[in-house]
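Below you'll find the structure, written out as structure tokens, and then a few comments.
Note that the chains take the letters A, B, C and D in the order they are written out, and that residue 1 is the start of every chain.
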Amino acid sequence: MAVLVDKKTRVIVQGITGSQGTFHTASMLKYGTKVVAGTSPGKGGTDVNGVPVYDTVREAKREHDATASIIFIPAAYAADAALEAISEGLNPVVVITEHLPVKDEIRVIHVAAQKGITIIGPNTPGIITPIVKQKVGIMPGHVFSPGNVGLMSRSGTLTYEIAAGMTLAGIGISTAIGLGGDPCVGLTPTEGLKLFRNDKATRAVVLVGEIGGDAEERAASFVSKGFDLPVVAFIAGRTAPPGKRMGHAGAIISGSTGTAEAKIKALKDAGVAVAERPSQVAELLRKALK
Amino acid sequence: MKLLEFEAKDIFRAFNLPTPLGNVAKTPEEAKTRAREIGKPVAVKAQVFAGKRGKAGGIKFANTPDEAGNAAREILAMRINDLPVEAVLVEEKLDIQQEIYLGITVDRTERKYVVIGSSAGGMSIEELAVRSPEKIVKMYVDPLLGFQTYEAREMAIAMGFRGKMLNTLTSMILSLWSVADSYDAELTEINPLILTKEGRLLAADARLNVDDSALYRHKKLTDGLRREPVEQNAREKLAAEHDMAYVELDGDIACICNGAGLTMATLDAVALHGGKASTFLDLGGGADAERVKKGIEIALMYPKVKAVLVNIMGGITRCDEVAKGIVAAREEKGLSIPTVIRMVGTNEEQGQEILSKAGIPFLKTMEEAAERVVQLTKEVS
Amino acid sequence: MAVLVDKKTRVIVQGITGSQGTFHTASMLKYGTKVVAGTSPGKGGTDVNGVPVYDTVREAKREHDATASIIFIPAAYAADAALEAISEGLNPVVVITEHLPVKDEIRVIHVAAQKGITIIGPNTPGIITPIVKQKVGIMPGHVFSPGNVGLMSRSGTLTYEIAAGMTLAGIGISTAIGLGGDPCVGLTPTEGLKLFRNDKATRAVVLVGEIGGDAEERAASFVSKGFDLPVVAFIAGRTAPPGKRMGHAGAIISGSTGTAEAKIKALKDAGVAVAERPSQVAELLRKALK
Amino acid sequence: MKLLEFEAKDIFRAFNLPTPLGNVAKTPEEAKTRAREIGKPVAVKAQVFAGKRGKAGGIKFANTPDEAGNAAREILAMRINDLPVEAVLVEEKLDIQQEIYLGITVDRTERKYVVIGSSAGGMSIEELAVRSPEKIVKMYVDPLLGFQTYEAREMAIAMGFRGKMLNTLTSMILSLWSVADSYDAELTEINPLILTKEGRLLAADARLNVDDSALYRHKKLTDGLRREPVEQNAREKLAAEHDMAYVELDGDIACICNGAGLTMATLDAVALHGGKASTFLDLGGGADAERVKKGIEIALMYPKVKAVLVNIMGGITRCDEVAKGIVAAREEKGLSIPTVIRMVGTNEEQGQEILSKAGIPFLKTMEEAAERVVQLTKEVS
């Protein structure tokens, strides 16, 4: 068992002929991921690292029974690529590309939601399920060891940092999800918690957050209403200078200051164990899993 | 991309949002002429990217053209939010009956645009949101259908308007949505929207912040308007040229990392061990040797720096490239101040080998590294 | 029993303060229709012919438990009015207004379909169920007598002509639907047939068509696949001069010449009795109902 | 509103749809200059609202500027589809490798926009649609989401294109959709889209018909372009001014009715009884006395008319008003030719009373009326 990506996952790489697509296809294959096909409009019929390339997702899916997609397409075209993957029912759709226009992100996320499809990202390192050696992403696979803790994070390298710390402490991961760093992403921490709650392989959840927005506060509020798994959190940015503000509207909407203090308080009030340092996550997990 | 008030108002007017009579001026003389054209008491308003410019003295009223010229002279000599004032907007002074708030932004959790309105606008809107949230009306925009006239009308009613004013406000809410939608706006705001004693509704202020990621769709803006005139020092300019996130802080330890989250966590770790960062420098993903070298170089230009902490968690970024960059920085730039390297992840062994060969020590964990760099800084001081 | 409009139907008139809205509100009330409220933004709180006026459909519906809407709003604003009625779940929504932009019609029809709501029109005389004295439309009620024949038509006055002919011949109507004359309308003849098939009060159906498009041909094709009620048709325009053509695309799409001959042939081939003259409709019905 | 080829091409180019090098000319001299500017063999094409202008001789090729001038002279002197040719488009002659078809219209039954393409374009596309429908690719546009790039790509593949040409054609299909969507088009068409021997794709012809009901959203078009230059006679002009649907036919009976369906059925009824209509005149809904009088007046202006049949089914239209109009027409205009009135529905009794008082007979059914008017016409002849 795992979340969103398991041993049956068969991946299409959209934008496989670009430098990022080519590099990470090799890296995913090396890790063990079942990358079955790639797309690059106009380059159908060629191959990349032995992976056959098609003009469309429809063709790639039809020929290789693919189930999921990872997108390395420039921001201006990434939304269309995601809509293409959605129209073919691929799930999840992992959007590595960063800086998509917010309007496009909103559109893609809601079209996906209507079809029951999960978008991971945009601007995500992806998702990895170590026990089945499947990563649909760009993270260094070796820092994630298999285990029973679900990990989700808004930032990339900090996720690796914490995963590496867990590995060092002998605590493994069921599935790790990079939620994505763009303003609007397909999976909120709250939605991530719901996924992990329904996963038999997951016994505890780590939430790695950072300053800005109110996603962590909302997750805290969700946990406070009763959540069956122990949750450990780490929030980056306690010493960060106050960020730029978005007029009045931002503050009116979020109803939150978005500071690390506010997030940590909300999480602690909800019964979440909050780590002071990344390395402390493993300690708190050990306690929680006893 | 933020637009100045007068730039935003030009766009608002094109969408049938009425604004007070007025025009921009770059000199006191021009301001005087503008006031004369308007022919009644005016407001002279600093055109800067800063909230609370009123409190900073950036808005002055004038009864005569001469007074307007003098007000403009004073304002144009100011710095507000550490930015120079390059222009003022001279506008008819309004006879205010009511201040209304209208704004559109993105709700990141709902992942929808949200239209916000209140019959009690003005500078205290945020406090109102906390104190009397029921006075703030929010309507979410359907992600596929957009915002409909009837929804704008329901919003105007919820804001307390009926009769003729209901239809006027409905149109304005719709127009504001059209601006937001047409311009990929992160924020579109009228605060205050003034109801004058004669019963006119006028956008007395205007904000329009366009999604930077969508600017490629708005060539007219990027070609036509000057960009946000951020005053940058040489280091900031250099970092921006190299597309590195660079922020200068009060401390003395330059933190050079990859990824914003990790960089923030590194700053936090330094603080936890009693140190203080001088520099937030995020190299971004997949930095090569050249980029690492350039990052160190920029960080070292800041006089406050007494020690360097390089903290790399290799993912797309390869440790061998990082090591090469560090070696090059030391060879070419000296790098004589205390430097702590922590580097794990992709190509870790190769990287460590390169550092070892060059005689540069390195650590395995972030906390050790943070502790060590704080220690070294204290020794230097 | 009846189709779409029955004795429980409670109608809101959108655009009640305009001259058309006011006139037909009086006419509907006189006929017996339960017009419970009207809307006219900015004029909430007033009344028209004793019918209370509200600023929004939401308010009108909340106060009067309305179930259906009829729209007398200028074309540029009619689509929004329909979306408003749809958002409040009113069903059917009868759009009297003509000449809506096609793009707006498409949008409204599909939003309604997603919610299971029937749009009648645009550019329709409306819908009438004589047995319960409910008309949601602008037709002269007295020409429609109650009975067991479903009537649907693409044109207005021709419908009255045929209904009057039926009344004269002693044949009554279960429900009569003006399908609407604009390019895209909410109810096609085929969809109308499906509604009448499921109505216990309807024993036969009359389809009044005219030249242009291929709606009658498609209805014929539907009937030919087996339809349990007898169908009688009349097609106007046998002697009309050939209309203007819409480039190649129109012909490619419809695959039909759109002439009266083509339609009559398709209907006859499907077993539909086609009247030569409007007055013949009653004769054919009498035979069919034997 | 139909646009002429060169008007449509101006818009197509603004949406990045490449067209052949060319320009419009209103005189032979201008055409010569255009051909000289192009500097190679050209096509000279009549700018008229008519299909099959090629068959009518409206397209000529010219190798030299002089030849182009002569071709333009001939074409500008033509009438095509009974319309004068006011301008020609002078364009580079293309080296054709393949003719492709692209079109977007509305499918009334699906109630969706539909994008149509075929690798076999040109004048025979309609026959192809009947003969080999599998060679025609159709894609429906999602009514709420619009048309996506990937759908355009799937369409181009279904049309048989791969490789570099796949991406070029994909962009063109998308651009054509943008034109259709931006302009509320009933029809947007490129036929043929030429693939030249050098591998360029060019819109050799262009059609853009804008939804008349949506013209209020396209002020630039209605302000900037002249409307369709329909040549109207005085009667047609008058009817158009009064917003009445008026068509002149070969017969001698003027049919004046309310509603297009009823008017058509009335024409059919006249034909069934052996008569022939001279006039299709639809008064529309809710005509008052003045309008009825005007309708009769217009119909009587047509010399072929020997009898009048007024057939009114009162709904919104009130029979009393119709009766008043008929009485007024008789009093003011004479109305000396045989006239048959059939009038039922709203306010039937009042109307009949008015006619009876004026001594004008009337009938109760449409068929009686049709039979009677045919009879009267025969008596007059």
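Simple rule for what comes next: a contact is a pair of C-beta atoms (placed from the backbone, for glycine too) under 8 Å apart; a residue touches a chain by one contact, two chains touch by 3 or more.
Everything numeric here is computed off the predicted structure, so don't read it as measured data.
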| item | value |
| --- | --- |
| Chain hops separating chain C from chain A, counting only touching neighbours | 2 |
| Centre distance in Å when chain A and chain B are each reduced to the mean of their C-alpha atoms | 26 |
| Between chain C and chain B, distance of the C-alpha-averaged centres to the nearest whole Å | 55 |
| Approximate Å spacing (C-alpha centroids) for the pair chain B, chain D | 54 |
| Residues of chain D touching at least two other chains | 144-145 |
| Residues of chain C touching at least two other chains | 111 |
| Pairwise touch network: line, ring, star, complete, or other | other |
| Pairs of chains found to touch, sorted by chain label | A-B, A-D, B-C, B-D, C-D |
| Residues on chain B engaged by chain C in the complex (per definition of touch) | 145, 148-150, 153-154, 157, 162-164, 166-167, 170 |
| Touching residues on chain D, where the partner in the complex is chain C | 51, 101, 103-109, 111-114, 116, 125-126, 129-130, 133, 136, 138, 143-144, 181, 184, 186-187, 189, 191, 207, 209, 211-214, 216-217, 247, 249, 257-262, 264-265, 267-272, 277, 280, 285, 313-317, 344-346, 365-367 |
| Residues of chain D defined as touching chain B within the complex | 144-145 |
| Chain A residues within the chain B interface of the complex | 75-76, 99-107, 109-111, 125, 138-140, 143, 153-161, 164-165, 181-185, 188, 208, 210-211, 213-215, 218, 234, 236-241, 245-255, 276-279 |
| List of chain C residues in touch with chain B within their complex | 41-42, 44-45, 55-58, 77, 80-81, 83-84, 87, 111 |
